[in-house]
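Read through the structure below, which is laid out as structure tokens, and then see the notes.
In this document, chain identifiers A, B and C correspond to the written order of the chains, with residue numbering beginning at 1 in each.
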Amino acid sequence: MHHPQAASRKSVAQSAAEILTRLRAQRPRVHCITNTVAQNLTANALLAVGCVPSMTLSMEEVDSFVSGAQALLVNLGTFDRERREAMTIAVEAARSNTLPWVLDPVFVDRVPTRAAFARELIGRRPAVIRLNHAEFSTLAGGKPLCDAVVTYARISQTVVGLSGESDLVSDGEQTVSVANGHPLMARVTAMGCAGSALVAACLSIESDALLATAAALLMINVAGELAAENSAGPGSFAVSIIDALYNLEGPVLIARAKVS
Amino acid sequence: MHHPQAASRKSVAQSAAEILTRLRAQRPRVHCITNTVAQNLTANALLAVGCVPSMTLSMEEVDSFVSGAQALLVNLGTFDRERREAMTIAVEAARSNTLPWVLDPVFVDRVPTRAAFARELIGRRPAVIRLNHAEFSTLAGGKPLCDAVVTYARISQTVVGLSGESDLVSDGEQTVSVANGHPLMARVTAMGCAGSALVAACLSIESDALLATAAALLMINVAGELAAENSAGPGSFAVSIIDALYNLEGPVLIARAKVS
Amino acid sequence: MHHPQAASRKSVAQSAAEILTRLRAQRPRVHCITNTVAQNLTANALLAVGCVPSMTLSMEEVDSFVSGAQALLVNLGTFDRERREAMTIAVEAARSNTLPWVLDPVFVDRVPTRAAFARELIGRRPAVIRLNHAEFSTLAGGKPLCDAVVTYARISQTVVGLSGESDLVSDGEQTVSVANGHPLMARVTAMGCAGSALVAACLSIESDALLATAAALLMINVAGELAAENSAGPGSFAVSIIDALYNLEGPVLIARAKVS
């Protein structure tokens, strides 16, 4: 499903602009099993780029919701018994419908049982794992350097989207770096979770998982830059970034992109 | 409990202005069993018009909370085992206290089991069902045309509040159309859920369910128009609509009302 | 652990300014078991003053999260089976790690079983109980007058932070009154819950629980005053108060403090 040459065929920023246009035209459904802290911002981020989010957990419903969606996000942020069972069912539904799914292994660095569950899920082959440095170190057992990310992506047969000062995206062969963003993104809860939801959104309409991931991270990072210009702090920033995603235009994305 | 002549006795907009004044004076308690995505916006919308929201789910508590409230909202948005059991207990508590309750059958078009549960709840006679076109089609088995809505309201012995470009409210005899609102309302999560909570709020102090429903939908739709004038996108819109509800004045409601 | 002379040793406002500086430098982890309505605002309030919030509920995880944190908040706002069990585990983890914890007994005035559970938790010695007048009356069995608060704090061997027009903080010996704040704080959901989270944050780096509580309430109340100056209603107020917490400076805290 990956096309490792795609990123070199045309610029990532140009692809991101096209993916954004398609998202707004096709309005894909994205089902999210995500933590209760992040649900509202995540739903609004997805709506802002044209998607239709759903977030139910019920065991008897999750299979139908996932089967009727175009992509799935599984985020480990807040855990409880039913959420965990729902995640397993949702992943199975995604697999049997060959739907792309994204894993956001929030806080795996805090509890070994959570890391073990994340590893179990990674064995079921998410299209993308989006995570931060502490989470990567826990799962990959080493420092989140470029080489380690490429190796981990290759071994896991998945795309890794590593957030940091620059975001690093690798499918084990190609690697893209996205140097956009703003420090306020780290001061608002659920910003990473919303980014992972946008990765799922892009995957729903773009089969090249490397491009889809880089495009999503570029979108939210550029929106973050624009939002910071209209913010007095993290409260107004969280509001402005939804406005910025909604108003985001391809040419702005291309002009601002720091992709290498 | 319905007074089918009420809507013709005086204008709906005039009644809405009076209901808003009474809400702010009486500060009714509204218990909401609603989805975790919508809880924050819903609570803030209720607070903005003067109500006191509560949202607990615990089986051993829900009866006491509902019994001490003046109205109940049951919203099916995100489901889980305990939430479902809590809904059943809450509806029984509302019935035994002759408290009005509102059903918002979110996403019944996505899963047959959810539609079946909604039908079971409708059999327990909510005062109002507030839903969108896809949800209506699933429950009523036909297109959401005016005739179908009137028929469904009559058969279900309930008031139906159907959201759309124009909102349609019918008790099976009288029908009111509210043509206010703004497209950004569809781009913010939980806006419909908040509208349903306002219906519950209005029902808590107005026994004419048709009037109460039309009044609530008029309030949130006019607030949406006002908010759109102060918004740069759906992020700031979601903030401004709470401000607009809080600052909403009867004369503005009357001046802007597109009710027929 | 209490130093009853501390509050007289130097002004509470001066201490609050120092505590704020330390929060931002030390970035303590605060684990919160709080209601789903309040989670987002609470996380953003903690991030705004420099803390790292976590909010998981899972029985198998809560012990690890609490053990790795510097303070714990237990908020009874929305209840369900798992949340209740998680609270008990979390409190035990706090005790065995001698971590300070805060109890926010939301809505204990509504259901006797909730009040009973709150009393059980109070028996396990929270460092601070933060609550409003109705909740105090239920737990203390009397009117929330200054004498009653002092007595209740002494008997419960805890610090009581009572919210009202003026906030009252007592450890049973010393009593501090904080008269800052703004009426809009009562019109936004979860504002009290966020205040309690800030109390936990301050406790994580300040062993004098009286000072920590007064400092936290001063911070959120002054932030509320500043936010009100930039707000058009409760929607924009909820956004501005996060900005205000983020931008809060010691000298402003000291200049505005109405502490006695």
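Just so it is clear, a residue touches a chain if its C-beta (ideal position, glycine included) is under 8 Å from a C-beta of that chain, and two chains touch if they have at least 3 such contacts.
Just so we're clear, the structure is a prediction, and the values are computed from it rather than from any experiment.
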Q: Indicate whether more than half of the residue numbers at the chain B-chain C interface occur in both copies; give same if so and different if not.
A: different
(Q) Suppose a student superposes the Cα atoms of chain A on chain C; what rotation angle should they report, nearest 5 degrees? (A) 120
Q: Mind checking the centre-to-centre distance between chain B and chain C? Centres are C-alpha means, answer in whole Å.
A: 34
Q: Spell out, as numbers or ranges, the residues of chain C touching 2 or more other chains.
A: 36, 40, 238-239
Q.
Residue numbers of chain C touching chain B in their complex, please.
A. 35-37, 40-41, 77-81, 84, 107, 110-114, 187-190, 231-236, 238-239
Q.
For a test of understanding, state which residues of chain C touch chain A in their complex under the given definition.
A. 36, 39-40, 43-44, 47-48, 53-61, 64-65, 68, 82, 230, 238-247
